[in-house]
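First, the structure itself, so that you have it in front of you.
Labels for the chains are A, B, C, D, E and F, by order of writing; each one numbers its residues from 1.
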Amino acid sequence: MDNVKIEEMDWMTYRDLVKTGEKKIIIPVGAIEQHGPHMSLNPDVLIPEYIAKEVAKRTSSVLVAPAISYGYKSQVKSGGGNFFPGTTCVSGSALENYVYDVMHAFVEHGCREIVLLNGHFENSAFIAEAADRLAKHFGGKGIDIKVFMLSYWDFVGEEIIAKIFPEGFTGWAVEHGGILETSIMLCIHPKLVNMDKAVHIEPAVFPPYDVFPPEPSWVPSSGTLSSPVGSTAEKGGIILEECVTKISNIFE
Amino acid sequence: MDNVKIEEMDWMTYRDLVKTGEKKIIIPVGAIEQHGPHMSLNPDVLIPEYIAKEVAKRTSSVLVAPAISYGYKSQVKSGGGNFFPGTTCVSGSALENYVYDVMHAFVEHGCREIVLLNGHFENSAFIAEAADRLAKHFGGKGIDIKVFMLSYWDFVGEEIIAKIFPEGFTGWAVEHGGILETSIMLCIHPKLVNMDKAVHIEPAVFPPYDVFPPEPSWVPSSGTLSSPVGSTAEKGGIILEECVTKISNIFE
Amino acid sequence: MDNVKIEEMDWMTYRDLVKTGEKKIIIPVGAIEQHGPHMSLNPDVLIPEYIAKEVAKRTSSVLVAPAISYGYKSQVKSGGGNFFPGTTCVSGSALENYVYDVMHAFVEHGCREIVLLNGHFENSAFIAEAADRLAKHFGGKGIDIKVFMLSYWDFVGEEIIAKIFPEGFTGWAVEHGGILETSIMLCIHPKLVNMDKAVHIEPAVFPPYDVFPPEPSWVPSSGTLSSPVGSTAEKGGIILEECVTKISNIFE
Amino acid sequence: MDNVKIEEMDWMTYRDLVKTGEKKIIIPVGAIEQHGPHMSLNPDVLIPEYIAKEVAKRTSSVLVAPAISYGYKSQVKSGGGNFFPGTTCVSGSALENYVYDVMHAFVEHGCREIVLLNGHFENSAFIAEAADRLAKHFGGKGIDIKVFMLSYWDFVGEEIIAKIFPEGFTGWAVEHGGILETSIMLCIHPKLVNMDKAVHIEPAVFPPYDVFPPEPSWVPSSGTLSSPVGSTAEKGGIILEECVTKISNIFE
Amino acid sequence: MDNVKIEEMDWMTYRDLVKTGEKKIIIPVGAIEQHGPHMSLNPDVLIPEYIAKEVAKRTSSVLVAPAISYGYKSQVKSGGGNFFPGTTCVSGSALENYVYDVMHAFVEHGCREIVLLNGHFENSAFIAEAADRLAKHFGGKGIDIKVFMLSYWDFVGEEIIAKIFPEGFTGWAVEHGGILETSIMLCIHPKLVNMDKAVHIEPAVFPPYDVFPPEPSWVPSSGTLSSPVGSTAEKGGIILEECVTKISNIFE
Amino acid sequence: MDNVKIEEMDWMTYRDLVKTGEKKIIIPVGAIEQHGPHMSLNPDVLIPEYIAKEVAKRTSSVLVAPAISYGYKSQVKSGGGNFFPGTTCVSGSALENYVYDVMHAFVEHGCREIVLLNGHFENSAFIAEAADRLAKHFGGKGIDIKVFMLSYWDFVGEEIIAKIFPEGFTGWAVEHGGILETSIMLCIHPKLVNMDKAVHIEPAVFPPYDVFPPEPSWVPSSGTLSSPVGSTAEKGGIILEECVTKISNIFE
């Protein structure tokens, strides 16, 4: 199947695809967030959007909805914090209610399975809450729906990690703007990465708690939490293939 | 200036552009909404996004933020109504709060002037409310901001209308999916229009009131409120040129 | 039928009138808003309240609920703006939720058809949202209700406009505090109009966009958007007769 | 001073009265609620509205704002409960936010003292919360405001009660629709009372707790909680005089 | 039955107790609020918690849920006001929504009767609203629940009052931190009372209205509204026995 | 210092302790959630409460506030899911707003540093959002506060884990109701644990995504995610000592 992007269909085509309720709708949910001086602000949007389209191409059961670009506030220990110019985030309740309403609309069209494909760690709890409320709401009316929530990095297995980080993986927690995201972006949007500006740093080390307002001095000044140096499009391709394959398997 | 899309900048570049507060940020706000069987679901997103980029190219004072794709519920007399499969809309409060938070983030970056460039009539009151609350909020802290809210069609002058509709204009109210939107889409995204599927109809006529739940029988079955037949890319180009020129003039 | 005002009935009389669900309840929704130095702050309340009562007298199917006096924030281009002393308005969410709850209560009484009779343009989107949510809410429980939303000026036909404005009509957009509202008030509440204080102005001209915070210099200093000079009770009577007749026709 | 009703002033007159911040604004807050088969649904609106106007006439420091007609849900033990047809009430949050916004608007006009004159017991906690939030909000900006909240019955002293109830007073708790309210209405709006329909009952007796959903069998079937028999306009006049005098004394 | 505290059960034991829906769940709702220099901040939590446990021991039909410690804002005339250090209160909407959700969870477990046992006067309206909304919500789905709301002091009869206050009772209104609460605390938590620090005052006298922000000068500087002098554990025991007996009678 | 529990102080003692703003207030935030058939529903409340008191005893800078017992909805992969009888949870917005208000009250008392000591993983994002909003709110008024948010298990170092799990640690993710929580409870509340009922299971294995409504079949039927067998009070003591020591070090 060629055309998988809902927004590029006319409504009659879309209607015919969804009316039986068998199609799953993937909604990429991302963020506009700094990812270091070597990369654009939108990897958290573009990566799940890309994966969604690839998954849709490989299975016959999913369609891709327009991405939700602005996500929940970046946190110091996962995204560098919400004080960087360019990190453009919304509150938890605004995200939760917006995502809830978007999913609600798809259910009204006849869809019964929705996939929130998350590209920004900090979104997780708020979009899960939206999903939980929605499932409860429709379940209470006798309409059984199912919302999948998944973050693409959770599909990267240990074997792949060993391949990408032969000298040891410092953990997802500090991968923000590091080799994984940078390699994927080099693979799918090389024009949005400029490795000449990549800053080498040691992986960030944080105390075992958080403070509010966030403390900028905890964060490397480049904004990434580990070094992007060593990223390649090839590594990106390996990671993506792993994610796309495993996610496609769920929906087949 | 070449790169005007915020999301494609790295954060340091963005920071340097906005730190004086002189750059205006244009946020395109659209909707995913049926526009007849001959057109994709996203003209309300793509048109303001396109105009924003053109305006940014012609002036040195504006940057373009990622679009907000999901807008307020389509209404029968302006968008055909919120019951068409494919029309994927959010509640007024969800839109208002989401837009509020996005603008808030830009003000935190140092921006002092924001432009809500609207592509979907129904958004107007809710994003105006967001703008009003935001201006009040920051004004109350001694931070004077200015939010412009504009809908591109309000810039199409009578002369242009006369040119596009030599046989008489039936009014903006029923232009949904008609010659104006279709011509613009033919100009900027011809692949998302299929004139073979365009359905000729007489302009919709409505009673002078609304009902809820909306009454589908009031709406032409194709979903447009007037006929798209006669649309051309050339007409679209004329309209866009008018809009881009006039909007650029405001921000110069 | 003589007594049409719900608030002046005892509850048993009211109960007997509504228990079959056949009576429509008209709720006038207005605003407290400046209308120039020649007129009181309450035309947006009194006019729909008057029309509602007249409609109720002519048909046997409607009852009139107490008006909701405080409406949504006055906007520069339709009501002069929300910065005039005397213009006393509420936020969109406060209005929406208040109107929602009032309608909800009437449905609980057994009413199945509610009419929001609007006297203040700016209310439109927020009370429509309340109506849409309510219809959805009860529909989801198997209780089908119908909410009509209408603004009285939408019933004034071209013929009447030609009669009232023999030298040309500058449009509803700038009628705030002008000949139409003033004439109606002269007809129904002459004590609340003082034509000696009426200020002659040219119709206001606005740029094709809005700004927030609103710009007072855009608005004529008297507060009206066109001239009230030339208003007469007779003209008011003609307009009202048109509105009352046409609205009555809907509900018969 | 003659004209005390804000809504009947033109905006310039109002502006001149409030600009120094010395005028207090009284906002009557009531309810649409059954008061037995012998009385209209609006005593809780009309009584505080009347008292407000009288107080304004006797002092030179207050103005009267339009009443808020729809109040918080009637409770079994103070208003008979929220299940009577005609009892038309809103949720606590809707009332709180609506009242908050109305008061906010008056403060924006320059007013610094606002009086919530309550006519419906059940409103108390929610409008107090609105007042508390508002005072905090403006205080936090260096704008000191003062909101008075008063319920007219709290001004009826023991001497008056002894006069009105020579055979003993059964307490405010069960006065709903009884001699006090009925007598006041006979005094100020005799056409809205029909003593022929007054039902004699023993004062209601309730268990020392509440249940939800409310239990209709706890409430006398007429809807009042004590007997209105014996009400006279003269008694109403005595009560009103007491209230108006004492309330005027506060504001002088 | 020995163990009545839900939180100290394992889930299977709890499940077996509630699955038939016959057990009532008592939720003590209190406040952290100053009660004079002679007493801890938590009587409003400990007293309903104690009564709940005693009631549970005497009947076989109730279980006790964990208390909700933080209640609605203390008011001047019932709790001294919300400006004392140590008085730690939440807004009405926060309390309402939190209590609503807690009750909702118990209904999901299979419980059909819930008892809100209130220890802080100011909570009343907000938790009643939560109860009303919940009953409506589940009733609308065909699940009939019943929420009891009771404040323990409403069960203290006149005979007991005469015994405790042989020289005359000045009313519940000013009992805050006075003989009733102090005596109960001396009975159940003597270590949290230090009668050496008890300050003798005349009962507070207030004007018949409230002001916001609250006026500290209205309140006795010790924080209580009447004198705790004369409190004894024995008096406390008498009061508690009355409350526990009468409340147990409801649930048997 | 002996008395560290705020709720057991009288207000004057508390006032004197907090007036300089130097004391930190620790608020334990937990949940009522099943932890297997061998343990009570409240470990997530009791453990942070215990740690808070121990930390307060060892440092002179902190006081302990009453715990917030009801937390955010249990999730399948961290707490077994929100469908177990006994798991009694609130929505994200209810928790966020309740915690926000409680912290707000402490800041009003003069406190400037607050510690959210979390005992329930699922609370994290929502209480962090509350903390972020609060810091922003007061910062915007020129009042700089600092909120620490910490989860006790994040202080358990690798050395301790090696000691407790000599045969290998399966990760925090599945520790729900396992050896760590059970051992701590055996140490501090042995009466709330019954090892005879402990069910041995293999650590739960989950797919790399979540579904809503949650899927009960994913969760071991006992409710824990790993085996509690092998828990001892001694192990609990070692873990607690580690947590208390490290957390105390932050606040000294």
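The rule is short, and it goes like this: a residue touches a chain if its C-beta (ideal position, glycine included) is under 8 Å from a C-beta of that chain, and two chains touch if they have at least 3 such contacts.
The shown structure was predicted, so the numbers you read here are calculated from the model rather than taken from an experiment.
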item	value
Pair in A-F, D-E or E-F that repeats A-B, with over half of contact pairs matching by residue number	E-F
Whole-Å gap between the CA centroids of chain B and chain D	47
Where chain C and chain D are represented by their mean Cα positions, the distance between them in whole Å	26
Multi-partner residues of chain C (at least 2 other chains)	91, 93
Chain order around the ring, beginning at chain B and proceeding next to chain C	B, C, D, E, F, A
Partner chain B, residues of chain C touching it in the complex	72-73, 75, 82, 91-93, 96, 122, 124-126, 128-129, 131-136, 139, 146-151, 154-155, 207-214, 246, 250
Touching residues (chain side chain D, partner chain C) in the complex	6-12, 14-15, 18-19, 32, 34-42, 45, 65-70, 84-91, 93-95, 97-98, 100-102, 105-106, 109-110, 192, 194, 197, 223
